[in-house]
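As structure tokens, the structure follows; a few thoughts come after it.
Chain IDs A, B, C and D follow the sequence of writing; residue 1 opens each chain.
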Amino acid sequence: MVELVQLLFAGLTTGAVYALVALGFTLIFQASEVVNFAQGEFVMLGGMVTVFAMKAGLPLPLAALLAVLVAVATGLLLHRLAIEPAKGATVVTLIIVTIGASILIRGLAQIVFDKQFHALPAFTGDEPIRLLGAAILPQSLWVLGGAAAIVLGLWLFMERTLLGKAVRATAANRLAAELVGIDTRVVLALAFAVSAAIGAVGGILVTPITLTSYAVGTLLALKGFAAAMLGGIGNPVGAVVGGLLLGLLESFAAGWISSTYKDGVAFLVILLVLFALPQGLLGRRAVERV
Amino acid sequence: MSLLEARGIGIAFGGLRALDGVGFAVDPGEVLAIIGPNGAGKTTLFNVVTGLYRAQSGEVRLEGRDVTGLPPHVLAARGLARTFQNLQIFFRMSALENVMVGRHLKERRRLWAELLGLPSVLAENRASRARALELLAFVGLAERAEEPASALPYGALKRLEIARALACEPKVLMLDEPAAGCNPVETEEIDRLILAIARKGTAVVLVEHDMKLVMRISDRVLVLDQGRPLAEGTPQQVRSDPRVIEAYLGRLGLEAAHAAA
Amino acid sequence: MNRRRLIFGAATASFLLPVAVVAAEPIKIGSFLSVTGPASFLGDPEKRTLELYVEKINAAGGVLGRKIELVIYDDGGDANNARTFATRLVESDKVVAVVGGTTTATTMAAIPVLEDAQIPFISLAGGIEIVEPVKPFTFKTPHTDRMACEKIFEDVKKRGFTKVGMISSTAGFGASMRNQCLKVAPERGIQIVADERYAPGDTDTTPQLNKIKASGAEVIVNADFGQGPAIVTRNVRQLGLDLPLYQSHGVASKSFIDLAGPAAEGVRLPAAAMLVAEQLPDDDPQKKVVLDYKTTYESTQKQPVSTFGGHAYDGLMLLVRAIEKAGSTDGVKIRDALRATKGFVGTGGVVNMSPTDHMGLDLSAFRMLEIRNGNWKLLY
Amino acid sequence: MAPGTRTKLLVLGALGLVLLLVPLLLPSAFHLRVAALVWINAVAALGLALLMGLAGQVSLGHAGFMGIGAYATALGPKHLGLDPLLSMGAGILLAGALAFLVGRPILRLKGHYLAVATLGLGILVHLVLVSEVPTTGGPDGIQVPRLELFGIRLVGPELWYWITGITLLLAAWLALNLEDSSTGRALRALHDSEIAASVVGVDVARAKLVVFVIAAVYAALAGGLFALFNRFVTPDVAGFLRSIELVTMVVIGGMGSILGAVVGAALLTVLPQALTLFHDYEHAVLGLSIILFMVFLRQGIVPGLAALVTRRRPA
């Protein structure tokens, strides 16, 4: 029982980060069908900028705000300077552009920051909380709570605001959205900005637990992508479910099956899920119209 | 025994019955038209018969053999070819290559020979090419053979699909709205093509909205309404069937009368 | 040769090329390092050290009256790149010797190229296979992973424990050390009761540690460098495991203590003397060398010193000494001089090489440290 | 467009010419090594170009097949005492068999789902290579014995330059032939419309499987060549980053263009060597270059330049 709770929280904490990255993927995918492989770099920027801003003397809240702004600016620049000029290119071409962007951002980060690992102090102390015998870090609760708040905020934005509805309309049918007067360019820019912000917040929340360095983005992009596909891309709920599930899979596979092959177990499950449900767990099943 | 026979086809999408107890039969050289208002289930029927959708009830027989639920490529091998209402063109290929793909089943595909580019493969390429050129000439696209399909106008693409389907040398050709979006000249062209195809002994099943075309070339007409068969018979019989007039032709017949006047 | 011809010759030479340059054509030393990628944690300080000390040596007049020209390539941690760069160093840059190879994999990939070209190569990686069996032109400066295992197990036994739970990264360093530890454990009377692993970049190891806890282990040994050990250390404390925790020489940099925070208290590890330079007794032969390097590095680079940079320092100094002793830049002569190294005091220990020992360090080069009050404490 | 016999000869002629010229212009062992790496990468990229460019199916795990080829070549002699060349053949068969076995279920997936499934496949292969240390040597890599043919040791960059170059030429020839065949047309057809291809009789599942197996075989061949040439392999050869690199080669060179795959492989292999000039900035410049190439030549280098030339000179 103790072990179960421990594994559960380990999986959920890791999974929450995957979920946030997957959510970032989903937003940009909805607006453009592009899988943005630079998504992990936003998480990296969130953590690294906060670390260096704090070193420069800023208090945590200000440093975090600055980090989110830097990530959003990076996201907007990525859209304006790389995605927008390649407008009309195939989806695969745009994906390669985002891969190039991720190499570029990482390349700049290693110069602007450094190549060391860095930590942030936990927001509310390091003393583990005992829950049913398991030891939970307070920061894990920050991560879970923060992720939940982001998901809720995003849901409210999508459902309750005009801009959010424009994003959803664009996702449903870009041409139709354009016909009713939605500037899909703005929607896409917005998607990049929001994705970047979500990634950065995730990076800030999780750095006290996981540490950060200029190179953490690649692996997160990979895992986040897998999580988004497991949940069914294009579905924000799917992204969250996929992310949490991937985290849990890794944790329980490490605890119960084999720590060496835990990533293998996770991907094996993803393969099996896709064989059974080719659109992911919650993806839209499209009937091909001819 | 008819060449192609569908009986009691029923299919539902999420509770919505798209087809219910529909059937038809067609013989070599015969032209069967399937008509009905939008949403009557015409294209769905095509998709079931050609293996794209799996029906929940009913059966399809080709030359007396049960072919229900067989995948499209197997049905193609048995002699069933079709075109699409919304074009399905290979846009990355030339017009000629589009038709050459239609020769797929007639080509002997031995991967090793193909990889090595053996003379037999080259000879086969030449043969497919020659046959495709003939077909393009038949549909009036000979001069545009080498153009990329993406450069052809809509009407030409409709005929390109017919040529591609004919390249399979089908026993039954199923045409889904071959004249949709075509101008009167193009429509007449397609009219001529269909009759020529039928004369060679191919059974033709077509879905069409252009009533003039239907009345002119069909041997028999099947009328669907809301997924159910409404009437079947010669163009004359259907035209004078009171149910059809009431449910369907009444409105259209009036329009036709206006157009004729 | 009569005097006139000599003058004529000199005049011609000075016409074609400035005399000074002819006389002091620089000595080219090559390097390939994992400056980026997963091992950048090691490669970065190595690069900084090489650049820093080549500059210092040149400012002091160079070697054999010639300046050193350093050619460094970043292999990104990829063995294939390392081999390509090794070829480039040999073929295009025509270096006389190579100091580099951050990881065992990059080193092993480059060895055949450098051996074929008879270019002396001093590796900065830990793997024992680099010098065992001995290859004619290949040397290394760091202690081997096996020595780290032996040192740790020695201490474990001293404390009266025998049951060890291993937790290691699947990446190069961790995997290599894990293998060595599994190998030497029986010889040292140690029983490995758990053998858990995690992937590089993993951010939570509590599932693995839970299994170790259940295995009845008396101590935990973690083999990895970079981010992993800090996470393992924090997780151990998070779970409240009161088992002694050993880290490896892979964490031998102050940043580990910063990253692991208070959880690092009481962690023990084998490491080179550098981390405890100030605590060394004054009669320790290494004290001066280690203090000098530490102050030089920290004052110029504005970051805490690590033993990894020290490996590069030792490699460069060994090479410079050998070139001076050989009085030549001929590969075979440098190699012979390297092999004859005796009593060289480096940051890693006192080096005594021989034709059968191309590393020249023994277990005494490792010190056992414990982290106390956020700092290293020299135990013995 | 299918290559006619003339285009075919043109492509092969151009490749052959480059093959002859490189050793004359850049004779050093370093340059020949880089060139040989280009040819090896090009073989793998070529297979992927058939899968992606011709059939429109993406694979983010293609390096996994390279890894199988490379490690079979390394492990056969070590553990089974097999001849390296024989082991390489076995590795190619193994990769083909694996592709055949997993191909059907995987290729039912479309687009990004296919991408993540192939990604998982590649990661599983990489994981085995990294983890099974007693067999594979783990992350520190493994030595590959020298290749001997009839008692002659095949060593030296020049020899390997020719072995890899001629292999590439053959691989390109086979690929060009395939493009211009019934199967090739079927693949290009299903790229545009699987439904239309199936109703003219193309067994879409089988056609995809065929090209997937071919692509796997090409990758394994490249991996085997790499192992023999390099005489040392690490699991990096099968890593996720290598897979991404292969895809980038295909896209940057121009999807669906045989020559494009070679140009893409050349660019991404040579660029890092050239970028050492920028020292600390090399990664930033590499990323920037990829973005610029894709923005300005969005169809890829070869088709993009071809379009520029034809626009200048209206036919």
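Heads up, the rule we're going with is that a contact is a pair of C-beta atoms (placed from the backbone, for glycine too) under 8 Å apart; a residue touches a chain by one contact, two chains touch by 3 or more.
The shown structure was predicted, so the numbers you read here are calculated from the model rather than taken from an experiment.
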When I count C-beta pairs in contact, which pair ends up with more: A-C or A-D?
A-D
Farthest CA centroid from chain A: chain B
Chain B and chain C have mean C-alpha positions lying a whole-number Å distance apart equal to 74
Need the CA-centroid distance for the pair chain A / chain C, whole Å please.
37
What whole-Å value do you get for the distance between chain A and chain D if each is reduced to the mean of its CA atoms?
31
Rounded to a whole Å, what is the gap between the Cα centroids of chain A and chain B?
48
In chain A, residues with contacts to at least two other chains:
110, 260, 263, 288, 290
Which chain B residues sit where two or more other chains touch them?
52, 84, 88
If I count partner chains per residue in chain D, which residues reach a count of at least 2?
131, 195, 282-283
Which stretch or stretches of chain D touch chain C in the complex?
28-31, 33-34, 37, 130-131, 133, 138-141, 143, 157, 226, 230-234, 236-237, 272-273, 276, 282-283
Chain C-touching residues of chain A, taken from the complex the two chains share
3, 6-7, 10, 13-14, 17, 110, 114-119, 126, 128, 135, 137, 206, 209-211, 213, 215-216, 219, 251-252, 254-255, 259-260, 262-263
In the complex, chain C touches chain A at residues 35-38, 40-41, 43-44, 170, 196-199, 201, 203-204, 206-208, 210-211, 214, 226-227, 230-231, 234, 237-240, 255, 258-259, 261-263, 303
Which residues of chain D touch chain A in their complex?
52, 58, 105-106, 108-110, 112-113, 115-117, 119-121, 123-124, 127-128, 131, 195, 240-241, 244, 247-248, 251-252, 255, 280-291, 294-295, 298-299
Chain A - residues contacting chain D, complex:
35, 82, 85-86, 88-90, 92-94, 96-97, 99-108, 110-111, 218, 222, 225-226, 229-230, 233, 260-261, 263-264, 267-268, 270-271, 274-275, 278-280, 288, 290
